[in-house]
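Provided herewith is a single structure, encoded as structure tokens, for subsequent inquiry.
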């Protein structure tokens, strides 16, 4: 199994979730994160001062999937999250050694 | 986009500017052109009885025995004004400041407003009221009302206020009203020392300042025998300060500057964490300020109504001007900006509110919006001091602008004193003298107090506390 | 669970319904059964002088020279009312709306209320007050008070208000009071265009609307010579609108609908982000509304007291009705729901507050709660327009319900005009005419203004800005 | 650090203590030493007419026909007071409590305040007002004002209030004022059952309690023929309760204790989620309380002014005392602490505010701050009941402290009754009797109501709902 | 070493932490996340509209442990986090190649 | 490629970011987390009650880097995040099997 972790633009979350469910992914975990990268941040103005905000709000998605599904998943995310503009985000893939469903104790792919 | 925005802002500014000029020309002329004819009728129409004014009582000494015959309408309005002005400090000012600090210091910020309210109430009842508002010397009042002694029995006897400042309301109401002024003034200083001052040091400083700085200055300007009091026939020179531009705002602003200097810069800074809190605060300040300015008429009559009118106009104009300048200069109109502009306008109209008309209010509004914006940008950079929430840039600058323009736009037929525009340059001199004396005295005494406290218990929290946030470190609380 | 809940709600509804019927039967009968006997005494008890009413002054022209002799008690209450009604807009309305938008637009939402307050204050002082409240033609007032000229000098001379609308308070107070109405009306429109309108376009629209729509309509209904003014003896027909059901709420609601139509749907929607803000807003609206309705008596007497009583009853009943309906229909009573119901009740009782009694108030409350709930659900779906925060569904619907039921429950012995239940169907016709005329005029002019502004600078922000959030994109600020 | 802190707090405490003693000695002596001389003048100065006091009307029966001749100033102040006291409940109390619950229950908490306001308004108009404030028996009033019948027609006829409680304001204003008291009392109980009571059960309990507990107790203490009413010449014994220490606070506190007992402990607890909300709430409670206490003079005169003065002093002293004790004991002064102290002071001064002077106020403040701190710590541990937000610890304890100390510090020359310090121990007995009777009656009836409701629909939400949070489970909303 | 990452129901956090410390785990890192899965979300009502909220609040726990401890840890988490109802969550296990304690520079298991 | 995940004290974030950019790291993802470990928490006081807060606010940084950069990155983080006091935090290193830049579809190191 693999864990596919993607960092995307916040407003793309719903589209990405739909893309994933449509290819049979049954669950995912979402985290609000802040991203730093090529996409430059903005400045907040406060009376005299300007504050450079270099971290931008992003959404991190983690999906555990069966190894043979990985490419489909990457495709789905890329397709849904892409705007073509800088800051669209990244997809990272790790190896997942084991998975357990707490409720049932099922393990491996059965747990997903 | 920024460009388009600013040009759009420019457009506004233009329309706006023209409007204002029209206003000034039309309204102002009319305002006093028609007045002279009416001179005689003036007095009966409104007995101009702002806190300072004391026409009804040339000799303060004698007044001690004067009987107070309360008017229920005036009393109703003054009771209301007490509630309104208290609301300015808690929750108004507390929220206005809380929105501008980082989230980790929001609790300490609101608690400062609340604790100052409690502490000053006690000190005021013990001594400040007596020192400020009972007759004594030109420099300081007497102790006849220390611990509010005599208030209660005078009520029972039906004997009223010990001086002629407010003859149509019970002294108990007058002292509550003045108490709310004594409360908000030191609370304003918090804007300067926010996010890094020890809570204990803050309490000591505010407590001493309320006695050693606020009391005498209030007496000078408003006391029936203060040496610059408009209500004192023997005053060395008469300063016009209807509701506290000098006593409250310049006073707080200068003390704030001293705090910022002594405390030094914050370790880390960040943008305001919640402009909604600032919006609530600014709004309640605006609403409460009606009690502050219109309440300073101490009667529910024409002067109160006019004070309310000019307050509303100056505030709106100042907020709008600040917004437009910011929009043009930075490309974006901000919530913090328009709220700051409103406060700047409220500050500047404060001393003028019983002496000028709609046109003067408009001019004061524009000046306040533009100059206070400069106060928190250009001037602030010049001074190079970390006045965290711009206590000096808004309150001292706004207070000075207001004090000077009061001398310019005061209308004799209305408030009893002519200003520069009515050909009385002398008043300008008085206003300047008043500003300078208050500025210097306040600066020196505040500085001494701060140095002493710093030596004894230290003014500033440790770096670690500052980094962790005052809420958790000093108060053991965090906003979730 | 939902089932259990709704059945429980049903239970309430029943108990509640019975109570209401009892109320209507018992109280209402009593209310007017006893009245006739007392007819003669009526006048002395309360000079019915709501803003429109002008019995004391048949001929507006003459009134210009009328001397105002302020009553300190009336003045005290009206000064207070100004503060209360301003508090309705800032922070009240700003927070009520802010809680219902997404977090990314909360700053823009509160800033809209604040900026509208500033802008309208200026425009009102420049021209709106004069056009609305000085005598002119049946359609529009004069320019004798443009730039508030003459106000100040008339104070000096002791000459009071230019018309007979408010003879016991200074004109300066009356104009401030009316100013707060002129401020909240356009601010209400923001509910319709929230989360997607350009800040600059908003300023242009509100500014022009305040002159071209609000001023004439206020004059028609409240001007001493307005063609549908209850206070104008020569009116073509007399509309009962004690505190602004037609001038303020129908007016704002219809303009809001036009905005929503021209702007189109939001790109993405989401649930209200913080019902605590909405709770604070609704609460302050309720509190402030006492100034709005009881203040519209322009005196501190029996009419003000009764207006306060019926306002309290109608609001509570409407909020409770809305909650019960929602509970029964959806299985859950929501914070947003009960708050919306309260506002609906406040809106509906506004035109009636000087003309009906407790029983009428109760009936109006039930109607407002139920019909406005339908307004934001069934009707909204029918119209199919994205009226973001239901400006039309609550304010237009509530305003119409109130205007009509005022015609039903008005009690002659009390407010001077009989309603349908006292056998005067004619008044219903007047009410309907008033509603229709205001609706049509407002809709047309608003539409034209919106189209022009759209053509010149564009009404709506870009999709990107809308997605990113107006706070960051337009104001460079975010709530943390 | 804690050590250093507490020692610092100690320092304060010392300074503070000394100050207080001085105050007590100096001010108090003076306060009444001077009074006797003035006795005769007393009456003219202020007709002492608090809700209970009814000098102008020995025989309540006769009063039914008494004509009310409203004074515009008194009416203006009372209209304002209604707004202020309503603001105490919404948003004041709602926010005070909301800040102390977990984030998952904040919506339910504010909605409770809002729904109680609506429900009680309806019930009060239907029956509570009549039962509490019209003449009937010593135990319960009549039904002559059920459904507010006759109010409207009496206005038309100019016939005023049915009893002599408030002869200078319209009955409509008086009933609105008393309504706001009937609203906040049950709303206070919410502090005890927060975070775990069913919304529906809450509505049933509050609704029945407002009729079966509040109405009779209000009649006993304030009714013109109540058996312990200070205003009833035939009273069995006269309890001094100027603005509701017994009727409102002990009453709410005891009912709260019963709720906490019946509901049991919360499954999980956590620290207050947002002390800024609590700060806003406490501040608005403080501001609104001026209407509560000074408004209870029912006139805008010297008694109102003095009530305001002592309220301000007691509150500040109590808040400061609580803060110092907490600082000394726990090492940190907290926002929640100082806010709780302020409320404790407001509660304790409530019954005394028309009877004591500044010195008494100061003593009451210290006692309230210290004893209520013990109430929410030591006493709470003793009782071992999960009174979630300390409704009993603050309101019952504070109310009892206030009721007793009113009997100690009451000054005959001022409020008409002498206290222990003026050598009248009898009054203490009356106060104790009043407390005991109210405590017992309230406890029993509340307990019965709770048991019945529990049996019928259940008082408490399921564990799952409690864990998930009441906002989502009961109202389908969450704060983001 | 392994990283054990678990997604659990929020109100179970304290129990899980206690279970872990009781078996000698010395530290862990907690993140508030939103989860999408078999457990269906709720609807929020706002006047006319209903909003389907498909993401539910969950807590993510990350614990770095020595490889031989992994099963104990999984057992502890499963035991403490289980309610038997849908939505109890998952446990994922990854390989951890290195660990460093910033304060001391210690590495590997010494760093945990 | 590797993913370097570090848990640090919040106020160190800016220093760490600067240290990383100065050694050529082009992006990173930041998450607000709560940490439990040797560093003991604080107590919050509320009227009578004291609440032990055992979880402390921490910042989690995730950086995907080329394998040969890992040591440089660890050094940079350690250097910038160290205060020498307990609670400074940890650095964990995982293997990263693949990375994709959503905007361009680039993969592997090219995606970073």
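Miscellaneous remarks
Letters A, B, C, D, E and F mark the chains as written, and numbering starts fresh at 1 in each.
The rule is short, and it goes like this: contacts are C-beta pairs under 8 Å (C-beta built on N, C-alpha and C of every residue); 3 or more make two chains touch, one makes a residue touch a chain.
Computed from a predicted model, the values in this text were never measured in an experiment.
Among the remaining chains, those touching chain C as well as chain F are A, B, D, E.
By residue number, over half of the touching pairs seen at D-E are also found at B-F, the match among A-B, D-F or B-F. Inter-chain spacing, taken between the CA centroids of chain C and chain E, is 53 Å.
Averaged C-alpha coordinates put the centre of chain B at 54 Å from the centre of chain E. Per-chain Cα centroids separate chain A from chain C by 48 Å. Multi-chain contact residues of chain D, defined as those touching 2 or more other chains: 71-74, 76-77, 80, 271-272, 280, 300, 330, 332, 334, 336, 476-477. The set of chain A residues that touch two or more partner chains comprises 31, 44-46, 94-95.
Chains touching one another form the pairs A-B, A-C, A-E, A-F, B-C, B-D, B-F, C-D, C-E, D-E, D-F, E-F. Those residues of chain A lying in contact with chain F across their complex are 2, 6-8, 31-38, 54-55, 58, 60, 74, 77-78, 81-95. Residue ranges of chain B in contact with chain C, taken from their complex: 5, 8-9, 12, 19, 22-23, 26-27, 30-35, 37-39, 41-42, 44-46, 71-74, 76-77, 80, 84, 103, 271-276, 279-280, 282-284, 286-288, 290-291, 294, 299-302, 304-306, 308-309, 312-313, 315-317, 319-320, 323, 330, 332-336, 338-339, 342, 357-359, 362, 411, 413-414.
Only residues 11, 42-46 of chain E touch chain D when the two sit together in their complex. Across the complex, chain F meets chain D through its residues 44-51, 53.
Considering their complex, residues 100, 269-272, 326, 330, 332, 334, 336-337, 340, 376-377, 380-381, 390, 393 of chain C touch chain E.
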